[in-house]
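First the structure, which I've put down as structure tokens, then a few questions once you've had a look.
A, B and C are the chain letters, set down in written order, and residue numbers restart from 1 in every chain.
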């Protein structure tokens, strides 16, 4: 009922606005925004009546879904040209792929929007053939969270740039299962954007990659055995029980509840871990960069949630106004005013990181921007690779492959298969899917 | 005497233990919905705590419960009514004038229910798109009616078959046509059965979570879509999830409690007797 | 109620003269036609489209890849180890839940047939899980009951000094079976209870006076009386259990590995994770065949007992 009341109120405001000042006569447009149920988006939804006030004639309707359901919903809708949505929330994985299919409208932003202020790696991830197709709402890289109190008690110091080997030693020392303290929390829940984000980034650090330049899967290789072996071993010895059902949220809850000594995951968690209202370890959480392995300087981790407009939308202009509003500098200011600086959407704009208030409210800001700057999503792995992407492979088939391999890795983590077997199966599953999708051994997709 | 009292106490204990055990997850969900997020994940779990409505407030601030609930009611009731309207004549014909094909038809109908709906999602989505049924109540209502049709036809068939033929014969002598026969004789006599069929269909519609998520977005989204926006958000979510779940389940649960006698009475009348 | 006996002359109706039957069929056609008609359309149109897609290369995310695929999609399906695992999982899931709910339901029905204080309320509580939507039950079981750290099960385990079990990783299929059984046990209880209550209690009394043990009373009087109700439970539950999806989607996403992938989930993964409509449609066709096989056996074994 709230929505319709608000809409009536807005309607009244709109009519008076038109009645008083006969300037631009806005056609009434209702735009449907599809988004994920993450904290920053919930804030956006909450503040959106400000947008409706400043843009009379544009009404907003919200479809908020959990990430997987949202992606399947949007893909079905767009691929069938059904046009149910005007603004989409998509990842930097989806954006270039969808742009390539011609599903998204290009976004030419006015100078006042200041595209140059968007962090370069993030902006590059949304660009296809020199044209921007999505605007970043928030972006993240990954880092190591740890509990300074536990480190102090055990007489340990986190180095400025830890390695995976060092981290392993710390985890063994800090695990205290009797008191519900687990040395290392990592994503274990199967999914291309869940456990495989962690695993892919580790594989890169251990000198491995998904495909060689002829699109042959490179999973049954020593670097994968090392990386997955490390991952399974550390989680089985020092991880929390139920690791195979832990994704980002579950680990966040575990760390916030004081159950993890270390956690390597998305930088976006810093805000809530630092917030006393949602975290019982706000005083003792500390940060370090992501650990490194034998191959440094390769792609690490870069994810962004972005707003984009589908070609099928009938309200392109209104949708564009909303997208620009929600990713603008002014929106960052608005969140800072209303919810405090620590709650502003991170990782998108240089101006946010230049703000002294933000630096003061968010001591992790420096780590985050450094991690994003060095995420190197388009960089090379140890051996050359055919596609880009930091913790994913930027081809449409990766969702399916990543999820299947994710399942197999989870079964190794659950102790149902050995790492050896798991990698052999993953290799054959991946080769099969690539063959079915028409990637011939010669290189490019055949059709 | 001694032994029988012991037996009675044992039965009392066993009956209540089973009931509480089966009900416990629901009870725990309701309790958790009144906790703060921090209290909801405390270990060991808290049985006693200071109840708060903060989770409900957070849920309501994020999405408009009444809109979803209203859709659930309209679509479930509508779907059930349409299913009953289609299946009453069919079940009547099958029960009172069976042919060699009746049995086959009935089982074919039931077999259509054994297909995973996701297999036909893309075809249906395309059909809905071309006919403008996406995100409409009428579209989802139609799917629900069709989805439950096999079950309602079959249940009504078993109820109708229990009716002695001579009663309807008598009616026919009085010159009642086929429709009169159904409306004035059959339905009043089999009301408990028809009611329990409707109840079952209503419950199945309310709880359906595949089509409701995939062919709606805003206008027609029912409570299952409401739940999908709380199923695993960022941050701590157990209390909010419990609150949203409680809100989604409460109407049908309370309805179920009040109508379960009716459900039982109907079932006694036909299918299982 | 029992005076309204099951004396419908089915046999003589079906055996009657062809002419009379033709006449009856003509007269009844307008009544049956709407229901059968819409169901046929609902069935045939997607069926034809599914059949068509199943021989096409059709991936939502890769429109460049299209054209006639012949039996390629089926080849990829049957050579996929997950496919055979999913068939086995489907059957195990259906079978296990049927055993648990019919067995448990019968015992509970007998229990709830006995008089005890507060029986009405206890019964209402016991059947409540049936009204809860599958998504919610799965979420509650996953997060509040079986979660190894916050869940009640983990708490109880620690209470007796055991280290908590990660149910969905260690016993994935059994956990899913447990959740689905929890949802359907009340249904079985409800149906079987009505059947038990309609039993002529003087018969049991007589048997008891003749010295029959409780087991004997149960085996020779109760069970035969319940056979039709049990058939109803098996029939309806089978229909729904073959397409169990929400519980798996929410808890295990078909894993770890393929431990909980049933046919419905496999098709979902093809259609909405890989967006391979061709492959998913091939899976859909297999599901149709499976449904018909199961329906056939249901007719043979159960349909007859319910004298459809």
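The rule is short, and it goes like this: a contact is a pair of C-beta atoms (placed from the backbone, for glycine too) under 8 Å apart; a residue touches a chain by one contact, two chains touch by 3 or more.
Everything numeric in this text was worked out from a predicted model, so none of it was measured.
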Task: Most distant chain from chain C by Cα centroid - done: A
TODO: Specify the chain pair with the maximum number of C-beta contact pairs.
DONE: B-C
TODO: Could you tell me the distance, in whole angstrom, between the mean C-alpha positions of chain B and chain C?
DONE: 15
Task: Whole-Å gap separating chain A and chain C, where each centre is the average of the chain's CA atoms - done: 38
Open item on the list: As a quick test, compute the distance in whole Å between the mean CA positions of chain A and chain B.
Closed with: 38
Open item on the list: If a residue has to touch 2 or more other chains to count, which residues of chain C qualify?
Closed with: 60, 149, 154, 272
Task: Junction residues of chain A - those touching two or more other chains - done: 72, 76, 80, 180
- [ ] Scan chain B for residues touching two or more other chains and write them down.
- [x] 41, 43, 121-122, 126, 228, 231
- [ ] Within their complex, state which residues of chain A touch chain C.
- [x] 72, 75-76, 79-80, 97, 101, 177, 180, 189-191, 240-245, 254, 259, 396-397, 399-400, 403-404, 407-408, 410-411, 413-414, 416-417, 432-433, 436-438, 445, 447
TODO: Give every residue of chain B touching chain A within the complex, in rising order.
DONE: 37-38, 41, 43, 61-64, 66-67, 121-122, 125-126, 129, 134-135, 213-214, 217-218, 221, 225, 228-237
Task: Residues on chain C engaged by chain B in the complex (per definition of touch) - done: 1-2, 4, 6-10, 13-14, 21, 24-25, 27-28, 30-32, 34-36, 38-39, 42-43, 45-47, 49-50, 53, 60, 108, 111-112, 114, 116-119, 121-137, 139-141, 143-145, 149-150, 152, 154-155, 158-159, 182, 185-186, 190-195, 197-198, 228-229, 232, 235-236, 238-240, 242-243, 245-246, 250, 263-264, 267-268, 271-272, 277, 280-281, 283-284, 287-288, 290-292, 294-295, 298-299, 303, 306, 308
- [ ] Spell out the residues on chain C that touch chain A in their complex, using ranges where they run on.
- [x] 59-66, 72, 76, 80, 82, 142, 147-149, 154, 163-166, 168-170, 172, 251-259, 269, 272-276, 279
Open item on the list: Which residues of chain B touch chain C once you look at their complex with the stated criterion?
Closed with: 8, 11-12, 14-16, 18-20, 22-26, 28-29, 32, 40-41, 43-45, 86-87, 89-90, 92-95, 97-100, 102-103, 105-124, 126-127, 146, 149-151, 153, 157-158, 161-165, 178, 203, 206-207, 209-210, 223-224, 227-228, 231, 238, 241-242, 245, 248-249, 252-253, 255-257, 260, 263-264, 267-269, 271-273
